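Heads up, the next two complexes both have subunit A, just with different partners, subunit B and then subunit C.
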Partner chain A sequence: MEHYNMNLNLKVWRQKNKNTKGTFKMYRVENISSEMSFLEMFDVLNEQLIKDGESPVAFDHDCREGICGSCSMYINGKPHGPWQANTTCQLHMRAFKDGDTIVVEPWRADAFPVIKDLMVDRSAFDRIIQAGGYISVNTGNAVDGNTLPIEKQKADDAFAAAMCIGCGACVAACKNSSAMLFLSAKVSHLALLPQGAPERTTRVQNMVAQMDKEGFGSCTNTGACEATCPKEISITNIARLNSEYIAASFAD
Partner chain B sequence: MTWKQVFTSSVGKKLVMGFTGIFLVLFLIVHVGLNACIWAAAYDPADQGQMFNKAAHFMGSNVLPRILEIGLFAGFFLHIFQGYLLTLENRKKRSIGYDVAYADGSKWYSRSMAILGTLLLMFLVMHIYHFWTPSRLGGMGTVQPLEEVYYNGIKHHNLYAEMRDVFVGNTLIVAMYVLACGSLAYHLLHGFQSAFKTIGIHNKKINGLIHSVGVGFSIIVPLLFALMPLSFYFGWIK
Partner chain C sequence: MLNSKIPAGNLEKKWEDYKGHCKLVNPANKRKLEVIVVGTGLAGASAAASLGELGYKVKAFCFQDSPRRAHSIAAQGGINAAKNYQNDGDSVFRLFYDTIKGGDYRAREANVHRLAEVSVNIIDQCVAQGVPFAREYGGLLSNRSFGGTQVQRTFYAAGQTGQQLLIGAYQALERQVALGNVTMYSRHEMLEVVKIDGKARGIIARDLVSGNLEKHFGHAVLLCTGGYGNVFYLSTNAMGSNVTAAWKAHRQGALFSNPCFTQIHPTCIPVSGDHQSKLTLMSESLRNDGRIWVPKNLNETRKAVDIPEEERDYYLERRYPAFGNLVPRDVASRAAKERCDAGYGVGTSKQAVYLDYAAAILRYGKIEAGKQGLENVTQEQIIAMGKEVVKEKYGNLFDMYAKITGEDPYEVPMRIYPAVHYTMGGLWVDYELQTTVPGLYALGEANFSEHGANRLGASALMQGLADGYFVIPYTIGNYLADEIYSKGVDTNHPAFDEAEKEVLARIEKLMSIKGTQTVESFHKRLGKIIWDKCGMARNAEGLKQAIAEVQALKKEFWSDVRIPGEINEMNPELDKANRVADFIELGELMCVDALSRNESCGGHFREEYQTEDGEALRDDENFMYVASWEFKGEHNWELHKEELKYEVIKPSQRNYK
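Entry: the complex of A and B
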């Protein structure tokens, strides 16, 4: 692949903290390599800002390998940028051309308040998990691998749902700021497995209740979440969550 | 979990939208089927709307359709009321919007159900005023009763003549009916398959089938409805 350097204009959301109003600021970065990751480009910008005596742009990141779900930028009108099934840290600058203006915004949802600049508080997701995204097991010896037979299709579907890294792109993409794709992935991967069966009813009830309490919107099946999800979580999980919820509503 | 908790949760509210939506889809099947009887006049000049008037008479005089009619109004009310409530609630979840909107991930009509629904509501008011009011409330107060016609000695409302009166020569009204059918098509294109997902159908094979049937339904039914005013307007049936 051809390597090239580029000069870019960045329109970046700057916000001091949760309680202040934010605004967009324009920055220029020069000599950006097409082989850099998007976050590395931001590292360059931040070094430049520090040198100029300005506060660096705060953004979330951790593994930079596309597996932790920390990075969270809304780039040119799409969570995690223009590539499909990709996280911001795995977005590379070859996606852009010399002279481009890139608009970078934080996830927008009242349930994800901005902490600073591009960094949002996603602890609402943690509280949804705490409400039921687990199985209760007694400690003891590890169970033999094949004592619980699981159909191949169910195991595959459960693994596909368990791919969710909880980055929140689904919420950012949804016109209703709904967390249903995230929630449905978490409910599905446990509902599909025998280990999840004992808490199946209470799990979906409690997790939906917590999601509503956190202030996420409801799902209108537009499919924007599925289209932007870096792990390609299927919207079918939302339909499965709905059926789990209906079944749970008839439980005593 | 109490029923109240179920139906006040975000998933429960959507269930109401899904179930009422499917109920209204069933209503459309009955409605389009009965109304298609107007085309009997195209094949048999002696029909003069007789087949359609008899079908309409059956719906208006039989107790079962009358009971279902109450359910239908309740279904409409719930679907519209809940739809607006959810739209307003969902809009409040993002106080600061994006500078660049995310448009690629979803279809415009999936994001515009409230606007399409509002167009349909406006049409519904006009449509009820044109046909339901004179048929059911004709003679009460200032409402003009419908013309009457006798088949085998039984008195029928001449709704066929009413359709002719409403559509023939009324370009604006016919255009509004056709526009409403367009809104219905796009509303159904999203709503049909979405309703089944909302009520929990997650089998991929069935979902594929529902999607195909939904696309067919969204094209065929509104097209048939649109052809009804056009048939009178262009004189295909008289």
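Entry: the complex of A and C
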């Protein structure tokens, strides 16, 4: 892979805190290596800002290996930027070329208020999980792990849904700011497993109710969420969620 | 001074006896007792959830925006358990034995045996929570091999085992939040332990969004704050992983043990340049099927695929025929360093070795062809089928490698090099996981207890969950049973005010320096000193230099660091400065510890102490102890030794040949 350096213009959303209005600011960064990650490019920008006596850009990040779900930049109109099935931290600068202007914003959704610059408050996701995204089994209650065989296909499907990292890109990508992909991934993960069966009806109802309460929008099946999901969570999960929800309302 | 409180009796009966005789707290009293849990990784989330289930009033803290993001999430390969589902001769004793041996005989027998015992319960608990472990076609749980063992006892969920286990614990935690048993404080960082009459009674935490300091009371405080690998700047730890909570506890009287026992993981993606902010691990599970090699010729210029078989040096298979590519991490890392230092490294930096999947792809392809009953298949078809199998097993790891390096590991061998990954050292704890400060506990990677001088793969997840789900719920009761008479302390108590004042004074001092160098630049310099002189190989000369350099760096930091912004606002640079200040102090102690341990064992390799063929040379006569350091003031520590007594296992020179 050929390495190269580039100079870039960055148009970055700056917002002091949730009570103030934000605005875009332009910055220039030079000699950026194509081998850097996108966040390392932001590290360079921040070091430069600190040296110049300006306030560095705040952004969420932690593991920098695409699994913790912290990073959340809306890059050139796409959550996590141009690469498929990718998080911001795993986006590398070889996706860009010398002279590019890159626009970077926070997730935009009423349910995800901006805390500062590119950081948003995603605690709504935690509250959706609190509403029922679990199996009620206290420590010490479990039977032997091999007591209940689970069809490999079902186990694999449950795993595929459970891979969600809770980053919120699906919400940011959706024109309605719907959290259906996030919610459906959790409902699917637990509904596909026999251990999740006892709470199947209450779980889906309570989680949907909490999602509505948090101010997420409705799903209109555009599929933008699936297209942007770094873990390629499928929208068939949303179909499963809908059927779970309908079944639950008949069960009442 | 150090009483490890190991119960009397036979090794295999100790834990059972302990559980049968420890004090209990009745349900009505549990409701009145408050427990603070700092950190929400596997240890913290499982402890907070389990204690909430028991009825204690729990307050849990994490610096991330959600407890689900703690760095346990990044663990890839798997979790060990002595289930013996494979009928391959595994048992509690074998897991115990492998862990003690893997740790190079520097861990406590009683703790490790308990860990092996509860390992089986962990798998059951996680399955019940809906953790989607890998399964066979018959619907039963699947296992894989890992380094340092000869049985298949590792349970996994593709390359995302840590994620799935943490989500399980997180969901259990959120359930307790919903039930009102746990109050969750996200985006909060613990900055001090509050002690009253010698006991831990609470913490001072900073709300990272508002910048405000908060006082929180607890009848007990649990630190589940992970390891200190970020002292090296470059490590596989998350950017936020830090030693601050443990270090504050240390300065408040908790002893810090074996800080020089750090694990360098053999299979990480090599450093690509000065901009590098962190390193990425490629799971050890890749060593199951991948073969590690370097060219036999010095100054080799051909591409890997053009180097014929007979000109490749599969040095692990050559040096360690019994374990081959599956030797423990410390051994594999040093072997890679040895080859690279000798000039056989690959890639532009020459600081890398190959991890090659070509043979595994062929092997799996042939098996697949056999399974499908295909005859007359071409080599291309076999390779295509083999790639599919490898993709199913390791797909996410291969994708990650491709994204970071821009190379396709299905076509060319991966380049790997060792990187800092885990820290075996940590706060000293007794059998009950209590530090030397009464009421202050340390769980998971934050304590020192189970892994000796080297941790085996797939054992970190096991320990975190063992501590949180199955150990602390019993041992904390033994302490809290005597606390039922102590009413909650008002956080207006002078001890809280005093602690808060000190925290604020330190923050104000940091902000007032207004120097010229960034926090990041100090962190990088610290990392370089520690990596060069207290990394994969150490010697007395280098360690002495490192101590002086770190002391000088500390002075410079406190006189020239530049932190932008204000105290009472979200200020990630200030958060980082607080952490780096503590890493600098810890870095010094690591070197002090490494200098005082005149032997090589596990991850601690002193160049002066090695066998003729370059293996670690232990000195059991003089160093079979836990080195526990008491903070006595700036640059000043006192060593306390806890002798390690091996009653069941007879220590021997580790041999993986």
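Note that in this section the second predicted complex is superposed on the first by the 248 of 252 C-alpha atoms of A that agree within 3 Å, B and C clash if a C-alpha of one lies under 4 Å from a C-alpha of the other, contacts with A are read in each partner's own complex, and residues count from 1 in each chain.
To be clear about the criterion, a contact is a pair of C-beta atoms (placed from the backbone, for glycine too) under 8 Å apart; a residue touches a chain by one contact, two chains touch by 3 or more.
On a predicted model such as this, the values are computed, not experimentally measured, just so you know.
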item: Which of subunit B and subunit C A:R203 touches, first, second, both or neither; value: neither
item: Larger contact residue set on subunit A - subunit B or subunit C; value: C
item: First (subunit B), second (subunit C), both or neither touched by A:F125; value: second
item: Subunit A positions touched by subunit B in one structure and by subunit C in the second; value: none
item: For the subunit C and subunit A complex, residues of the former touching the latter; value: 46, 49-50, 53, 64-71, 73-74, 83, 85, 121, 123-130, 132-141, 157-158, 160, 163-164, 167, 170-172, 174-175, 177-178, 184, 186, 209, 236, 238-240, 272-273, 275-278, 280-281, 399-400, 403-407, 469-470, 473, 518, 520-521, 562, 564-565, 569-570, 572-573
item: In the complex with subunit C, residue positions of subunit A that touch it; value: 1, 16-17, 33, 35-37, 39-40, 43-44, 47, 49-51, 53-56, 58, 60-70, 83, 85-86, 90, 92, 94, 115-116, 119, 121-123, 125-126, 129-131, 133-146, 148-152, 155-156, 158-159, 162-163, 165-166, 189-190, 193, 195-196
item: Partner subunit B, residues of subunit A touching it in the complex; value: 11, 24, 74, 76-79, 103, 105, 108-111, 173, 175-178, 205, 208-209, 211-212, 215-228, 235-246, 248-249, 251
item: Subunit A-facing residues of subunit B, complex; value: 1, 3, 5-6, 9-15, 86, 89-90, 92-107, 110-111, 113, 190, 193-194, 196-202, 204, 207
